[in-house]
Every structure is written in structure tokens, then in C-alpha cells.
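Same chain, two partners: subunit A is paired with subunit B first, then with subunit C.
So, the complex of A and B:
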């Protein structure tokens, strides 16, 4: 195979993979913009029909999608901020301190990830009921944070391991306290990893369904994932509406990812090359 | 700068005071939550909410707040919440989930709420009584019959017996259209069970009786054989879920569908110009399933007086008539004659109502509380026959053995 042929094969492969990953979203858009009569046509409509854009207007007008998206954003951002705040210090401790039971603590943190949400939701519901945390976005943020903190702690620990000790020692000679060192030196150095960890926490909060469905019952506190599922009816499902909300639901998450993508890539590659 | 007179200030104070009184009065109303998959339904959901709003307006002590939970997730969600000591005060349960909740003592008896002897209940009411206690109220009873699209059938007439049904289904299939539709996948296990049960009842069988499973009885095996025959005939949109093929129906793509009256109501609401009709199912026996949904009361709820007020209101003739009208071809808890205008507007309703005496709930008779376990065993084994090619007799013998060992521990 000569060079130009191999180049062409590579391009075709890349385009094929790109098409396979983008196609479900494209199909969602096409379906949301397909007329009712064409929905089950013998030949499927492959291009979106702009004249059906009123489906989106109807969705905004007739559903609580804006409230749901706002709730999802509050839960996702809350989970992200709280997770990062709570994970930094344990990550630093696991990286820098030697103490009895350190391995056990690290293992227990990971062990929390072995338990599925569905198993924990009943005891969590009972605890939240006693603490009056049910039916509140704050409670939902706490539940999600409990799941993201262990993962983020380990991610940050790995990044902090790569921060040279000499830098901290120099800071201590200059009179910095431990907390000052963490906040002024360690955090800026591991900022790209923090961005990557933030994305993980944000997406967990944005997509989470089981807790959001069980711990919150008020219509006005419903998150977008639950709102979207609420259209799956007993007798019928309004496909246009589901697809339109699906597209609307995907957009903020994609935009957020595009905004922090640069840092995420930097975070993923940080520490991959020594010296 | 504007100057305020003493009178203006007093007016403001009085207004603010009045607002406060109103607010505290509104807050003093006790809110009860009512969870149902129905509230998420397009059309019927909005109308049911409006119906509940009439109760709220009639009350100065209680407010019912509808909670829409997807039908397929309702039982999981509510059981989880009940297990945690909470959950909605009122729940509209599907019959199988209702009977799963009863032995766990998750529901409190309605007899303890108020005297119901003054109401004339429908025949299906007997199914909501367990050990002589009324555990719930039959909220909606939907009979099953055959919906058909005259445009896709020869002479526009429905088939009268099984052989003509098979021929009609075959004839109507082709060029993006299908003669018939039913469920045959595990993701729609409950609907799969309903469709299978209609075949079993229609061929003279029952899933259980006298405390014994009857999964490999002659009638049940014959029903599964015919179910597989239709599956193999290539007349159904295999893999399409019910929501999809029902929509296909009102888009003119499906010839026949054995379904409940609520579906007819959805067709009328979503596609008012679409011409369809209903007829007796083409099975040899008249018995057909009923989708029975119960209004049940969460034993964790502390708001029993509010629940009693709602039950008393909903069982009155006017709210019952309104509920029956908004639910489509379904029956409500009490015996309410259909309005003439409804029958004129929806003539197909008659075929569903005619099946009332033949209605059988989708339960394993005499083993009702184990229905969900039976559902799993039966659906798993029938799939082996549909896609694995094993014989109906073999898979139902296996299902019977599994039911005895896995469910009844014998």
C-alpha cells in the first residue's frame, strides 16, 4: 500500500468513526424535526425539516424544560464545586503524609465506588428523610458529591504526587502554613487536573438519574434527566418532544465540555513525561 | 418625594396583613402527594391533573399534588421510597405491582378510612380485596379488544376467527405496513406479559389456579404455540416498543392490535381524523385481560384523613363520570353509565364495554402476589421459544418446573 492510499484509508476510518459517534445526535435532531406523517415513512427522512422547528417552540412553551435545565445546572455545578473543595485536602493528605492505616483509607475510598447507586438509595432515602434533606436540590448535591469525592480524591492524589517536594519545602522556609501551601502552590500547579476532575463531577451531577428520581418529588425541583424520562408514558410516548428535549438537554453539557476541553487535555497528559 | 398619608400607610398595613392571613391559610392546607405514571401521559395526564384540581378547589383543608413518575419506573421508585420509610401518600399502582406491595404490608386498608358501603362498585372491585380487606380502589379498569384500521383490511371488516385473523394480518403486511403488532421483548416485560396473557385467556387457559401454577397446561401451551405462529408469520414490527407501534397505528401503518381501551382514547386524542374501530378479539374464547390500576394508600403516610377526603370526593357520581370520560374507553371504580354524546363520538368504546363480563386481570390466579416472579419466568422461557427455536411445550414445561422450584420453593 503506497503512502497516499494509506492516508486515504486513514481518513475514511476517521470519518467513519466520527460519523458513528455523531450519528445518534444527528438522528435525534432529524427526528425532532420530522413531521408526524414522515416519522414512519417507508423511506426514512435523512435531513432535518426546518418547517418542523415549531416542535422546539412547543417544547419550551408546554414543558418545564427550562426549569429542569436550571435545576440540573444547579445540581451539576454544586456537585462539582463541593466535590473539588472536599477532595483537595484528603488528596493532599494521601499524597504527602505517612500515617497508620493510609492504605486502608485509600482502599475504603475506592470501595465506595464498588457499591451501585441503586443499592444505596434506600438507606440514603431514610437518612435524608430524618435530616429533612428530601425534595431539595441541596440534598441531591450532597448525594452526588458522596459518589464523586472518592474518584476525584484519587485523581488529585495522582497529580499532587507529581508536584516536586522541593517547591513546598521552599515555601515552608518562607513561612507558609500547610493550608497556604495547598492553596497557593499545589492547587495552581495541579489546575489542569482539577479541570479534568471538575468535568467528571459536573457530568455526574448533570446526568444522574436514580437519586434525582427518588430523592426529589416536587415538579419544580425536577432535574432534566428525570423530566426527560417523564415523557415515557404508559400508553404513548411523544417522540418529537422527547427528541427535542434530548437535544436541548445535550447542548449545555457539550458547551461546558468545549469550554474546559483545553484544560482537560492538559490535565490528562500532565505528568506523562518526566524530567 | 411622595408623601404617604396615615390612611395610605394603614391601607398598606391592612393589605399586607390580609396577604399574610391568606398565605398562612394557604400554608395550613395539608398537601398529599399522588404518584402515577398517568400524569406523564400526553393528553390524559393533563386532563387528570385538571380533574384533581377540581378536588383541590373544593377543599379548604387538603391539596393533592400530582407526581408524575414514568410508568415503567413507578414501582421501583415508590418501593424504594417506601422502603426508606417515606413515599407518596397515594399511588396509582398497576395490578402486578399492587399485589407485590400487599404482602409486604406497604399499603393500608381503605376500609379503615371511611364507610364505602354507599357506593356501587364495578365487577373488577373484587380484585382489590385481599383476605376480605379492601386494600385499594379500582381507579381504572381497561378492557381489551381488537383495534383495527379498516383501510388496511379486506372490505374494511375485522376478522371473526383465528384463521381469518392470520390471513388478514398476512394480507395487510407489506410496503412499510404491518398487519398486527404485539410486544415480545424483555425491556417491555410487563406489556409482553399482558399480550401473552390475552392469548392464554383467549385460548381458554389460566396461568394458575387452586394454589398451583398451570404454565404447561394444554390451553397455555396452545396459546404460546399460536403466539409463536404469529411471531414467525412476519406480520409484526419486531422489536418496536408499544409506544412506537401505537403511534405507527394512528399513522396508518398497523392493521390490527389487541390493546386496551385507553389506547383507543389516545388514538382519538392524538389523531382525531384517523378512522379506526374496535371489535371482539379473534380468539376462540371471549375471556380477555383487563388492565386494572388501583389507587392505593401508602402505609407510611401520616395523612389518612386527607386520603379519606379524596376517596370520598372521587367516588361521587360527578367526579367518577368526569374521570371515565377523560380516561377513554376505561371503566372507573363505580358503575357509571356512558354519556350518549361519548358513545356517539367514540362508537368503538362499545366493543370494549361488551368485554366487561369477560375481564380477567393479568394475574396468576390464587398466586396473585407472586405474579411478578411468574412474569419473569414465563417471559424468559417464551423468548427461548420465539428466538431460540425451542418448542412451546418444552419451554412451558421448563417454566412450570422453574416456577415450582424458584418461586414456590417446592
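So, the complex of A and C:
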């Protein structure tokens, strides 16, 4: 193969890759902007039809999507805040201290990756019932945080590993406590990774389904993932409305992700690729 | 994976100095205590209860009336032929996810590694599937796979192929491939992003030296690229295996394990046992089997990496 052919092949492959990555999201948008009549036409409508934009207004008016999104946002932000608060100090300790039981803590963090949510949901249901945490967004936040905190801790540890000790030593000489050092010196230095970790925790809360489906039963506490899933196999809601909800649920997350992806990728790979 | 030579003597002495910085020997324990307690309460204790539950017969309807029956749940599981079917589906699902997500991820990473115009944008766009909520992904793919109006069937319909009227998710032979296709679409960007980062570590010198020696692309890959990214690939294998064993949302929403059990993985079977048949004890036993598989995979991974490190040390 000569140079220009291989160059062309490469461009075709890249375009194919991008098309495959973007197409389902594009198709969700197109379907949400297709009239009911055209949905079932012999030839699918390939471009969005702007005259169908009223479907979005109708969707907001006629479905619970606004409540679901609010609930998802509360769960996502709660999971994010709690994960970060819980993860900073252990991440620092795992990076900077040598202490008996450190390996055990590391193993505990890793072991949580092996537990399926679907398995823990039964005992969690019983425990939450005793603590009156069932059917509450707070309970959901706690359950989600149990799955995000290990990952977040690991990512932050990776970032703190890269902070030179010299940065801390001066403060140490000045008599600052460890806690002061972490909060006023280490946290600002690892701020980009902290932001990335926050985004990862936020997405976990935003996307989560198993707990949201089982630990919450009230209609008005449904998250968007549960609300959207409730339409599958149900015939009374038109498909372009379902897709509009899908778009409203997906697009803000994807756009937000695209804005911050540089930091997320940096944070994530800092935690996972260093071996 | 930083080369030894780039470590300044100052940095190399780091652990000792870090240890000397300690004030009270209790500080690290105060720092890790909240997370440890939190995880023990929300992961450890539930796990223990699940283990206890697996030795009982307990109904979701009357959880207070729990009868201890020893190993009977496990014995019955092993005796049931459809349980081995579930294991097989789980195995296929996991294996195909790992192989495809990593090979597609590596292919994408290699395509996006070398500079070209718009590379930043391309790298961002490729990660879109990973950023999309799994339930939204399940919803859109279920629609695209629809028998009559799905876009996937449209080209087949144009070619007047009989298969064009096939409903993918309702067909026992096509449902698992359809679920796999959806899952892989969603997860391959993760491995591609991680591998792109790993590719940064490929030494330009080794690559160029191989080029000068007249090595073709495959050989350059073997000599310069593969040795650098191999630890990352192994780690990805471990993580994707564990995540595939855990995967619930997408499969449940698209097929609920059907048709006739064609997409029933361990966690789907577990969930069905617990919340449809309402047999908490049996469900717990299934969970323990799944967890044991994850543990074995992890141990094999650690054993293999240790061996690889030792072998490299000897060379």
C-alpha cells in the first residue's frame, strides 16, 4: 500500500469510528423530531424535522420528566459531594503515610469493584428499611456513594502521588497540622483531578439504575433512568416522546462531559494507567 | 511505569521522608477511618447478610420468617441444568465484551494516536457513548433494533432479505449478539481512552530504531508499542471482566434476560430470583457464585502479573 492510499484508508476508518460513536445519539434526536405519521413510514426520515419541536414542550408538560431530572440532579450532586468529602483524607493517607493495615484498606477499596449492585440491593433494602432510608433520595445517595468512593479515592491517590513533598514541607516547618496541609495545600494543587473525580461521581449518580429502581418506590422520587426505562415495552407513550425524554436526559450529560472531558481523561488515566 | 533513570535521587528517597513527616502515628488511621467505616457499613455488612441469607430459605414477602437450610440452595443451583446455561451466557457475554472492547478500543486508540487535524475533536467525540446514560443507550438501541421500524433493519429490508423482518431482541439467537453489540458500543471508548494514555509512554526512540531497521508496521507494534501497553491491557481485561460480570441495567431494560433465557446472565438471574420469584435465599446463593467467579478472575490476574514481573526481572 502506498502512502496516500494508507492515508485515505486511515481517514475513512476515523470517519467510520466517529460516525458509529455519534449515530445512536443523532438517531435519538432525529426520532424525537419525527412526526407520528413519519415514524411508521416505509422510508425512515433521516433528518430532524424542526417543525416537530413542539414535541419537547408537550413532553415537559405531559410527562414527569422535569421531576425525574430534578431527582437525578439531586442524587448526582449528592453522590458527588459525599464521595469527594469522604475520599480526600484516605487518598492522602494512602499516598503519603506508611501504616499497618494500609494494604487492607487498599484491598477493601478494590474489592468493592467486584460486588454487583444487583447482589447488594437485597440486603441494602433490608438495612435501609430498618433505618427509614427506603424511598428517599438520601438513601440513594448513600448507596451510590458506596460504589463511587473507592474509585474516587484511588484517582485522588494517583494525583497526590504526583505532588512533590517539598510543597508540603514548608508548611510543615511552619507548624501546620496534617489536616491544614491537606485542605489548604494539597487540595488546591490537585484541583484539576478533583474536578475530574467529581465529574465521574456525578455521572455515576446521574446514570444509576438498579438502586433507583428498587430502593425508591414513590412516583415523585423516580430518577430519570427509572422514568425512561418505564416506557420500554409500554405501548401507550409515542416513541418520539420517549426519545425526547432520552435526549433531554442524555444531551446535557454528554455536552457537560465534552466540556470537561480533558480533565476527566487526565484524572482517570492518572489513577489507572500508572502501574 | 516511569523509567528508573528519570527519578532524581531526591525523589527516590521519598518514602523515608514521608514517613518522617508524620506527627502522631494515629493520623493515618483517623484519615482512613471514615471511608473504612462507611464501606464496611454499606458494602461489608450487606455482603455478610447476603452470605447468611444464602444458607436460608427466605421469601421477599415474609423476610422475617427465614429458615436455615445449610447448603441446600447451592446444591439445588448446581443440580439445575438451566443454571449452567446461565453460567454459559455469563461466560460468553464477559468474554466477548473483554475481547471486543479491548480490540476495538486499541484499534481506535491507534487511529487517534498520531497527530492529524481535528484530533482533539475526534478524541472527544469517540468518548460520547461512554458518557451517555446506559438506560438511554438501552432505549435508543431497542428502538433501532425494532423489527419493523428499526433503522438497523432498514438496509436489510431494502435488499429484500427475509431477515429484515426479524425482531432482534425477541429472537433467542439474535438477542445476545444484539445486547453484546450495545454493550460494546457503550464501553469500548473507555478502553480506547485508557489505551490512548498508555500509548503516550511508547518510546519514540525504540519506534524510530525499529523503523530504521526496516521493520514493518506489525513489527514496530510488536517491538515498541505492545511491550509498553501490555500492563494496561491486562488491567483493562481485569476491569472489563469484573464490570461485565456486574452488568445489569442495560440487559435488564432491553430483554430482562429473555427470550427464553437467551440473555440471562448471573446478575439477571439473581435479580429475577429475588424480585420476581421472591426467593431471597436462592438469589443470595447465585450472588455468592458470581462473587466467587469475580474473586477467582482477580486472583488469576494477580498471579499472572506477578509471574510476568518475575519473568521480566530474570531477563
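Keep this in mind: the second predicted complex is superposed on the first by the 237 of 275 C-alpha atoms of A that agree within 3 Å, B and C clash if a C-alpha of one lies under 4 Å from a C-alpha of the other, contacts with A are read in each partner's own complex, and residues count from 1 in each chain.
In this text, a contact is a pair of C-beta atoms (placed from the backbone, for glycine too) under 8 Å apart; a residue touches a chain by one contact, two chains touch by 3 or more.
The shown structure was predicted, so the numbers you read here are calculated from the model rather than taken from an experiment.
Placing subunit B and subunit C on a common subunit A by superposition gives a clash between them. Legend: residue contacts after superposition of the two complexes on their common chain; A:126 is shown touching both subunit B and subunit C. Of the two partner chains placed around the shared chain by superposition, subunit B is the only one that A:236 touches, whereas subunit C remains out of contact. By the touch criterion defined above, A:89 lies against subunit C but remains apart from subunit B after alignment on the C-alpha atoms of chain A.
By the touch criterion defined above, A:250 lies against subunit C but remains apart from subunit B after alignment on the C-alpha atoms of chain A. Of the two partner chains placed by the overlay, only subunit B lies in contact with A:37; subunit C stays clear of it.
Contacts of A:167 after superposition on the shared chain: neither subunit B nor subunit C is touched. In the superposition on chain A, A:219 makes contact with subunit B only, not with subunit C. Touch criterion met: A:27 reaches subunit C, while subunit B stays clear of it. When the two structures are aligned on the shared chain, A:9 is found in touch with neither subunit B nor subunit C. Looking at the superposed arrangement, the partner reaching more residues of subunit A, out of subunit B and subunit C, is C. Across the two superposed structures, the residue set of subunit A contacted by subunit B and also by subunit C is 39-40, 121-124, 126, 214, 229, 231-232, 239. The touching residues of subunit A, when paired with subunit C in their complex, are 10, 13-14, 17-18, 20-22, 24-25, 27-28, 31, 39-40, 44, 86-87, 89-90, 92-94, 96-99, 101-102, 105, 108-109, 111-124, 126-127, 142-143, 145-146, 149-150, 153, 164-165, 168-169, 172, 177-178, 203, 206-207, 209-210, 214, 224-226, 228-229, 231-232, 239, 242-243, 246, 249-250, 253-254, 257-258, 261, 265, 268-269, 272-275. By the touch criterion given at the top, residues 33, 35, 37-38, 40-42, 44-45, 65-73, 77, 80-81, 83-86, 88, 175-176, 242-244, 246-248, 251, 253, 262-263, 266, 270 of subunit B touch subunit A in their complex.
Interface of subunit A with subunit B (complex): residues 36-37, 39-42, 121-126, 128-129, 134, 213-214, 217-219, 229-239, 241. Against subunit A, in their complex, subunit C makes its touches with residues 1, 11, 14-15, 17-19, 21-23, 25, 27-32, 34-36, 38-40, 42-47, 49-50, 53, 63, 108, 111-112, 116, 122, 124-129, 131-144, 148-149, 151, 154, 185, 189, 193-194, 197-198, 231-232, 235, 239, 242, 245-246, 248-249, 252-254, 266-268, 270-271, 274-275, 280, 283-284, 287, 290-291, 294-295, 298.
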